[in-house]
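Alright, structures below, take your time with them.
Two complexes are shown next, each including subunit A; its partner changes from subunit B in the first to subunit C in the second.
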Partner chain A sequence: MSEPTAAAPHHDYEKVLRDSAVEVASFDTGDKSVVQKFRNFLHSSPSAVSLIVLVTSLIIFGILLGGKFFNAFSLTLILQQVAITGIVGAAQTLVIMTAGIDLSVGAIMVLSSVVMGQMVFRYGVPVEIAIPCGFAVGALCGFINGFLIARMKLPPFIVTLGMWQIVLASNFLYSANETIRSQEIGATAPLLQFLGNNFRLGGAVFTYGVVAMVLLVALLWYVLNQTAWGRHLYAVGDDPDAAELSGVNVKRMLVSVYVLAGVICALAGWASIGRNGSVSPTVGQFANIESITAVVIGGISLFGGRGSILGMVFGALIVGVFSFGLRMLGTDVQWTYLLIGVLIILAVAVDQWIRKAAS
Partner chain B sequence: MAIEPILTARGLVKRYGRVTALDHADFDLYPGEILAVIGDNGAGKSSLIKAISGAIRPDEGEIRMEGRPIQFASPNDARKAGIETVYQNLALSPALSIADNMFLGREIRAQGFMGKFLRKLDHGAMEKIAREKLSELGLMTIQNINQAVETLSGGQRQGVAVARAAAFGSRVIILDEPTAALGVKESRRVLELISDVRSRGIPIVLISHNMPHVFEVADRIHIHRLGKRLTVIDPKQYTMSDAVALMTGARSVEAEAVPA
Partner chain C sequence: MTKSILSAAVAALAMGVAFAAPASAADVSACLITKTDTNPFFVKMKEGAAAKAKELGVTLKSYAGKIDGDSESQVAAIETCIADGAKGILITASDTKGIVPNLKKARDAGMLVIALDTPLEPIDAADMTFATDNLLAGKLIGQWAKETLGDKAKDAKVAFLDLTPSQPSVDILRDQGFMMGFGIDTKDANRIGDENDPRIVGHDVTNGNEEGGRTAMENLLQKDPTINVVHTINEPAAAGAYEALKAVGREKDVLVVSVDGGCPGVKNVAEGVIGATSQQYPLQMAALGIEAIKKFADSGEKPKPTAGKDFFDTGVTLVTDKPVSSIKSIATKEALGKCWG
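Take a look at the complex of A and B:
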């Protein structure tokens, strides 16, 4: 073959490039209005909106209710009430970031808790083994979701809608619609109720379920931002084809996300035994809607690839603060639902408005 | 030519339903050369490139790298073999930063305990390398290596994709329409970069519709027509209009065309 020659003479029209301007393009930074700056800030920090709403709602209820709202006991009570939503919301966050949705989270949570209970009370399995069995069931349900979505290419909405019914029905069939009472659990397998136990720091009361939620979110925040798996999760949600061509194994990624979501739901199931004391196949009917609400109010895009898990926690807390505050004000509970509905729509509207900042 | 080709393909077939994108296509790439691949729209250039870069698996045919048969199950396999591709659609994730995109799928982990057991990424090192590669390219002016790719212009995105390939391609670099989205000045930089890479001894496959660019840098020109290799020509012996005539079927191949 011919030896490498210097690039052939440049084309005539390119000769004038020699005299072209050399200074680099600069971004205009000074002459932006306050609104634009604010919008750019919100665009670069996706959980800021929900944090602002959370702080504002805390201040408003604080002014309206005074000391009976603004004390360590009440505020930590809100935390206890959102712990399970927060845990399920963490699972939902991972799935939604891949541009999917998981409607079966609540059902998987209940089935896992029922399996943990039945293992001990029907089969006499030691509780230390029964709990991992519950986690395994959660992982299996997640794997079925992930397999159908990633390998069979079925839409996540349809797969998890079906799994919601399947898992919930299995739960009722398997448990024979039987509740395991709190006293029995307390006597034979108190470890099942562990996440409901609490400890005090001054006036503040924390359950281990709250601690579990905080640790889980911290762990997932680390994983999403500091590990390759987390970067790949964003890439898959953003543009799966581009991620695939860049060398991300998209199918394996999706399966791992749904399995992890199933495991996290099982953790929520364990925490729900602690919160309710008993194991009941009828709890958690609204966990999927509550988790999606937390994710949406938390500013995580339903189209995938954008958002922060901290936003989900803020979203869950906003719902918690609204329900608790309005109840203390003595309003009809329907006002809570109405306001949360307004918040969901506002959250998406604000998200769209912020998006325009990029263009 | 006595030199062994680094990459060869024989009889590649790829069908999409009733459409045959590749119809027993052949391909040869020699060490250190710039091979341009030209062809009309729909001639199967992209399918050919995807087959040798692992993005699709051909239904039939064989690909050999340095004489050994290879089968790529995914683009990652091709990348591990040292074949780096810049796709026409660039394959960048818009919401991720420039550094994240450059290292997507081959992130650098931190040293010691944090990296080994907690799988923490070394963001500092990746940003440093990304910045070096981009300034080597001189293709763009980026203020912040952590800005999201969606905030970049088309030319800047192209620059990121080319820089990624140039940084990691060790055996073969494939560029699919690298100058299509670029201005005059940026195109010139990419062409200079192509010559630079060639001078490092790495062969390049260049797919382009831009005849002046093709004739300027290519050592040989592979003309693709109707799903197969029509012929390979030497740009010094043919004119641009000959090439266009061949690839559009306005003229048939002469017996004395340079063999592969």
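Take a look at the complex of A and C:
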């Protein structure tokens, strides 16, 4: 292919081309200040900010509290305390990446766990079948969300706000707000408490619930980055019209995301039976807010299409470290809420600042 | 012809109304407004009210908020009751201060207003309060823990698993009551957290459920692993605390006490998960409330408070299978017959 300058002009008016720029269009790679380079680094690795905050907060609480905080037992205890938020957060991450939001995650989680318990204790269903029933309920709730959002074109906020109330009310009506006690479950259906079992490595204690969260996040990380489904999810979140034009079935994509989110919430419900021992219809009241907090602090954009699921885990851990550390320091619990509020606003401010690097 | 049929029908209708009217005027009708329709505590309350109303021939209408804290639905229910011409209202208020002006309208309309379980602020905004003495409930379990430990009570390590950060009155009364019973100086008895007794390891909040109970227990155990007494705001929080103790193998040597008397809680006392619990009686509260409204409708007489208190005490009983000599208690077998949920 010849350069424009090499070609002899056929017409007079083409002569002006002689003096025009000849290099191919390219990105601006010119000199940048350290701040700009840092900003570009953050833009290309969206979970870096939350990782930096997490490490910093670990160091600060480590200095303030010493060995009481900085030991294998305490640190793995924080992992246990955030495992459920982490699992629900994974569901929330998928939804938020499509530029949606799911306010019904906590309610779906509780209803699934109640169904698992009641199947065994009210209907005498074997526990091996009761647990899949709970997962099916989670998937059904997710499907209703997805159907209303993708097919009926209703806004995700409104749909899941409604489903939050509907699912929560169903949960209370169905269970009559009765708790199934830990001792009864332990005697009849210990499999329900499976994710609460633990193993030790030195001083560190890992519950299967923590392992489930880590495996789930690793799996989703792989799926989001290495599979067509994962790349389509990012594409739908970034620009659904462009994704549609590129051949992505946006509606089916959205429905599948909400169904998967429902299934993950059911997993969280199972994990919560393990952690609490009992099946209680009153747990998980703030799981939706906690999961959104983890996602936002984790640097995942609420406008969709950008962020890493690892960031959500770091976000959940930051909240866990702050809550645990501040309680160990003996401060009033309100300070925890106040600081987490500050973190949320900071995280979004940083996200906006990083976005400017793209423009 | 058609005209006369029509007028006959109207006349018959008018006669029907005329006959029906005196009958409904003799009827006493009452309203029960609870926080939610789902909590077993309020379900039992509704049962108690319904049974008593049937016995006394009182027409009962029940209303409830959608969730705990839903004051708007309760306000709407009060307005409905006033319009309906009820003789009295029994209410467990979600917003104990905010609902006062609405209840004043009901009292101005000549209705008897009775607060059940949860006192209004101020307490005299209701004609009478039928409730558990939560301070006594706390004192009973505190005293039981002290006597059970014996000499070891002097250097006990006590954890407090409270309700919410806003320190609602029930939280303060049970927490401070426990301290009084256990022999801890409460300083200001209206405030949690101003005490300086070295036996207190700390206070944490649970939201009154298993999840919060477990996390709070884990946190306090990290603060001091030698905790051997745990005060819990209610039995779900106690069950959560027990899971945390089990995870570190401490469930056998820690004394857990609680308040409520729900059926799962009493079963947990029977199995040694909880050492002792103070049982309260929602059914009794509602039944007494209906009786009071009936009496008020018949004679205009209002209920009087228990001597020495500013409310009518519906009773609280210590439930344990390890009784101590100085406190009257009932065994779990008996308590299971009186429990709720």
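Quick note on the criterion: the second predicted complex is superposed on the first by the 329 of 359 C-alpha atoms of A that agree within 3 Å, B and C clash if a C-alpha of one lies under 4 Å from a C-alpha of the other, contacts with A are read in each partner's own complex, and residues count from 1 in each chain.
Throughout what follows, a contact is a pair of C-beta atoms (placed from the backbone, for glycine too) under 8 Å apart; a residue touches a chain by one contact, two chains touch by 3 or more.
All values reported here derive from a predicted model rather than from experimental measurement.
Student: Look at A:L245 in the shared chain and tell me whether it touches subunit B only, subunit C only, both, or neither; answer first, second, both or neither.
Tutor: Once the two structures are laid over each other on A, A:L245 reaches subunit B alone.
Student: Identify the partner contact of A:G305: answer first if only subunit B is touched, second if only subunit C is, both if each is, neither if none is.
Tutor: First partner only.
Student: Per the contact definition in the header, classify A:M328: touching subunit B only (first), subunit C only (second), both, or neither.
Tutor: Only subunit C is touched by A:M328; subunit B is not.
Student: In the superposed arrangement, does A:W229 touch subunit B (first), subunit C (second), both or neither?
Tutor: So A:W229 only meets subunit B here.
Student: Considering only touches as defined above, state whether A:G277 meets subunit B (first), subunit C (second), both or neither.
Tutor: Second partner only.
Student: With touch defined as at the start, can you tell me which subunit C residues reach subunit A in the complex?
Tutor: 36-40, 43, 66-67, 165, 193, 202, 204-205, 207-211, 214-215, 218-219, 222-223, 236, 239-240, 242-243, 246-247, 264, 267-268, 271, 273, 341
Student: Hey, which residues of subunit A end up touching subunit C in the complex?
Tutor: Per the touch definition, subunit A meets subunit C at residues 68, 74, 77, 80-81, 165, 168-169, 172-173, 176-179, 181-183, 196, 198, 205, 272, 275-278, 280-285, 324, 327-328, 330, 332-334, 337.
Student: Write out the stretch or stretches of subunit A touching subunit B in their complex.
Tutor: That would be residues 1-2, 4, 6-8, 10-11, 13-14, 17, 20, 24-25, 27, 222, 226-229, 231-232, 234-235, 238-239, 241-249, 305-306, 358 of subunit A.
Student: Would you tell me which residues of subunit B are touching subunit A in their complex?
Tutor: 1, 3, 30, 32-33, 55, 74-76, 79, 85, 87, 89-96, 100-101, 104-107, 109, 118-121, 123, 141, 143, 148, 150-151, 184-185, 188, 191-192, 195, 198-199, 212, 215-217, 219-220, 236
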